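Each in structure tokens, the structures are laid out below.
One chain, subunit A, appears in both complexes that follow, with subunit B as partner in the first and subunit C in the second.
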Partner chain A sequence: MSATDSLAGSLNLQTGLRRKRQLRLALIWGLFILFTAWCVNGTIIEDTDWSRIGGRSGVLASFGRYIQLDLGLVSELILPTIETFMMACVGTVLGCFFSLPVAWLGAANVTPSRHILYPVGRFLMVLSRSVHEIVWALIFVSAVGLGALPGILAIAMRSVGFISKITAEAIENIDAKPVEAIRAVGGNQFQVMYYGILPQIYPVVLATVIFEWDINIRRSAVMGLVGAGGLGLLFFRQMNSFNYGGVTMVILAILLLIVLGEVISHYLRKAVI
Partner chain B sequence: MTELTKTPSTPVAETWSRYRFPGSLYRFGSLLGVLVFLVYSLHFLNVDIPLLFGALGGLVGVVAERYYPPDLAYVTDPGYLATVVDTLQMSFLGAIAGVFLSIPLAWFSAFNVSPNQRLLFPLGRFGVISCRAIHETIWTILFVSILGFGMLAGVSALTMFCVGFAGKLFSDEIEAVDMGPVDAMRAAGANPFQVFVFAVVPQVRVAFTGIAIYTWDVAFRAATVVGFFGGGGMGWYLKRNVQQLENLRVGAIILSIIAMVLIAEFISGWLRKVVNRAK
Partner chain C sequence: MAVLSVRNLKVRYSGKGPEILKGIDFDVEGDDFLAIIGPSGAGKSTLIRCVNRLVEPTDGTITLLDQDVRALKPRALRELRRDVGMIFQEFNLINRMSVMDNVLSGRLGYTGNLRSLFRHFTKDDIRQALDFLERVGLSDHVDKRADELSGGQRQRVGIARALMQQPKLLLLDEPTSALDPKISQEVMALIREIAKELRVPALCNIHDVQLAKEFCNRIIGLQDGIKKFDGETRTLRDADLEDIYAMEVL
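After this line comes the complex of A and B, so read on.
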């Protein structure tokens, strides 16, 4: 008798829990849909001037301008493409150099001081990631002038956050035994770093750097929009002179460069890991 | 047994080093190649190397001199706060549209469950790669030139950005599923759509939710500059003040962007934790 009672009780409890869960799920979805509706109302209904867009034919006409390719631009594309690629490479390497000290400060087990420098390292990581590359480029263009240099610096600063975060996490997760062994046989601080820590974090860090390099190619392609050379500058010029076919050519060049980068990074990652 | 008793055929080197002869040569050679390429790039790009190192020290000076007392009264202005809300709305809509569009693309571009490996797989891959390849600012400029200034162009650009971002993460997640249920469904005669809905989706549901939240976080970061190229939101204020050389206001706007991105990151981290716990 009591056994069936408790069985019925637990069944009741289960249906009660299930109903509660369903209610909560329904509430979440309801809020989600309400919020979406609010956003749609704010952005698409109130803010858009539909008459200016000019209906479907207007959109198609403005889209059609991009389809007539400007093949005469090919010879002008080669140099900026190389520049963009080089900017990404140099920026990534410089970013690696910057992220070494940041990772050292921001890894809890090797940081020189837990209370002062560790938060500083963490803050630098967040700062680098939360400022968009365009904003970094704006700051550097105003600091060092036009040219490839502000682009390189902006890419480097933007890469620091991700590389140093992953590196710091890798340092925190190392196996302490090799470090202790090297210390026990009389290794100094540098030898501990070079032989104990570096081989353990090396594959992770290299894979991260390759990944970041891949992203940096697409970043360096837009640096020219705010005055820092490369394909972005050509894009900006074509757009401002209303040469839409040329714009498409620049985009095709970017696509080609990115596909090349993906292929290279795929093989590099295979070689590293 | 022989392996255990075999003596090393080469004598032990007197000084130990981490890399033996052929390996060390390849390593050294590739490192040298990279270095030569970097130096040549610096030369090719006309980079003034002393300026490069001077710029780092100079940066602190520039920031302190130009941007330092940030004009905080400017960013608490109601007009600016309204654009912050606009930015939030744009990023939210862009992330939702992007996530929904990227689910079929991710399904096509995951090799293991792709409905058609000859045709749809490369098509899906190409779609995701081209959305990812083109930077969000370029998408914004393109959409502004087609749809005109305003938030619609910004939302469209963010949608394309999110398709690329979420599509890649989704398809990676789908390619890592346990193939057992998939094979079972296939053996029972299910079509690719049924396989996707009943064998793949239950496995990746929680991961997808986490990725969707992360996508919103990244889209919010991108949304802060979409306005710079005419897509609506707070980027427009940034552009106006940069061009008017109102550096103190620019400093305040950048600070507000950092603060908001931090809040967004915190919210997305908390939500992802909740979703993972509800698993």
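After this line comes the complex of A and C, so read on.
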């Protein structure tokens, strides 16, 4: 066997391997394109009422209607904007309160019962997140009627999942040493949590709450679509009365609010970390 | 009358796990500075944690300050723990709290929930904490966060926290193994000095035999959950040490 022979051998092996990989890649791409085409056919091509779109100019004209801003709406926007902001704040605070017991149940190392209450805590986390905020709002509108209250409750319920999950994980990852020290000085259960656990988790929890609050501003902006207060309600009314310029105004207000939330949470997060 | 007396102490962490302590007997008298030496894995940390039931013994009796430790209900156990100051290998401080708050946390056993919620300790506690911080040489660091200090300083905070309890017994779990040799000497000297001053006996896990010989009046040698030596420091011979560390593979 010479050196050139073994080189030729590994060259063959390499080209064979590469050919195989290329084939596999081509197959994956082919399947992806087929799948996308199937989806497009089912949703867009067969499901669209093409006759109603009525040509390029028609589409542009429809968009154009949104550009003629209805500036007369400004005075009507102020209160719902503030209400939306307040709903997000109160909903987040309430969500934090609900999250505390859920996180306590659902953190493996502090849960009062590993076999019964721990799964309950975990289930509540999943439940909160798997039900959309609009669905929560519908439930609460039917329970407590129209207005900001069902919106606040919906936001609180929807916030529990994320906040409690992150909190529970933070609790599970704490350093046990300070906990041991507080037990050793004769501290009770509350003191162990407050001195041993809380100082370790609060930066993570606060950052999460700020993030959730930021998201909740978006959520509270659409609550009104189902009658749960805030800017969404105004949006719904403009849409129903075909006042497209008004719709744009509401959207701009929402945008403004979200940018504001973004800026505030940026600075809050900096202050916490 | 011994401050602490341990008889036939056995510990097993789980039902079928290995026995960590296999029947240990010893006493701690009023002026003892007792070292527990032995190779790692011998059960030193487990033994010391049985005294205030941070670890639950499986068998035997522990009598501490005339109380049967194993029989205590949770509230009585917490009250007993208040009398036992503990100093840890890795200091076990609350990193995000100030030195002062860490020291004050030594009083939690005497502080109600509402007061603890607002970290509202009594004026006496605060005065006491300042005194102890001066005693351990940390007067200039009172308001710093605990994680800003060096290892030696952190252990001094740990010492001050234990002193806040006005302990009747000190448990020291490898107080120097996270420290360099010079600082270790200083810390051990400080602890012994304070223990003497306050007339508090101490039970000290330590793997450094030289430090044990230098600072402790009595030594217990532990090997694989069995007591191999128990006597005054001056009676410890090299042969005893070889016996204690016989199983350690270097």
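We adopt the following convention: the second predicted complex is superposed on the first by the 246 of 273 C-alpha atoms of A that agree within 3 Å, B and C clash if a C-alpha of one lies under 4 Å from a C-alpha of the other, contacts with A are read in each partner's own complex, and residues count from 1 in each chain.
What we mean here is this: a contact is a pair of C-beta atoms (placed from the backbone, for glycine too) under 8 Å apart; a residue touches a chain by one contact, two chains touch by 3 or more.
The shown structure was predicted, so the numbers you read here are calculated from the model rather than taken from an experiment.
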Quiz prompt | Superposed model, subunit A: greater residue contact from subunit B or subunit C | solution = B
Practice problem: Identify the partner contact of A:Phe140: answer first if only subunit B is touched, second if only subunit C is, both if each is, neither if none is. | Solution: first
Practice problem: Give one of first, second, both or neither to describe whether A:Ile67 is in contact with subunit B, with subunit C, with both, or with none. | Solution: neither
Exercise. Give one of first, second, both or neither to describe whether A:Tyr195 is in contact with subunit B, with subunit C, with both, or with none.
Key: both
Practice problem: Determine, under the contact definition given at the top, whether A:Pro178 touches first (subunit B), second (subunit C), both, or neither. | Solution: second
Quiz item: Where on subunit A do the contacts with subunit B and the contacts with subunit C coincide?
Solution: 195, 199
Exercise. Mind listing the subunit B positions that touch subunit A in their complex?
Key: 18, 37-38, 41-42, 44-48, 51-52, 55, 58-59, 62-63, 66, 85-86, 89-90, 92-93, 96, 129-130, 132-135, 137-138, 141-142, 145-148, 150-152, 154-155, 221-222, 224-225, 228-229, 232, 238, 242, 250, 254, 257-258, 261-262, 265
Quiz item: Taking the complex as given, what residues does subunit A use to touch subunit C?
Solution: 177-178, 180-188, 190-191, 194-196, 199-200, 202
Quiz item: Can you list the residues on subunit C that touch subunit A in the complex?
Solution: 52, 54, 78-82, 84, 86, 88, 90-97, 105-111, 113, 116-117, 161, 165, 171
Practice problem: Provide the residue numbers of subunit A that touch subunit B in the complex, in ascending order. | Solution: 35-36, 38-40, 42-44, 47-49, 52-53, 59, 62-63, 66, 82-83, 86-87, 89-90, 93, 126-127, 130-132, 134-135, 138-140, 142-144, 147-149, 152-153, 195, 199, 218-219, 221-222, 225, 229, 235, 239, 244, 247, 251, 254-255, 258-259, 262
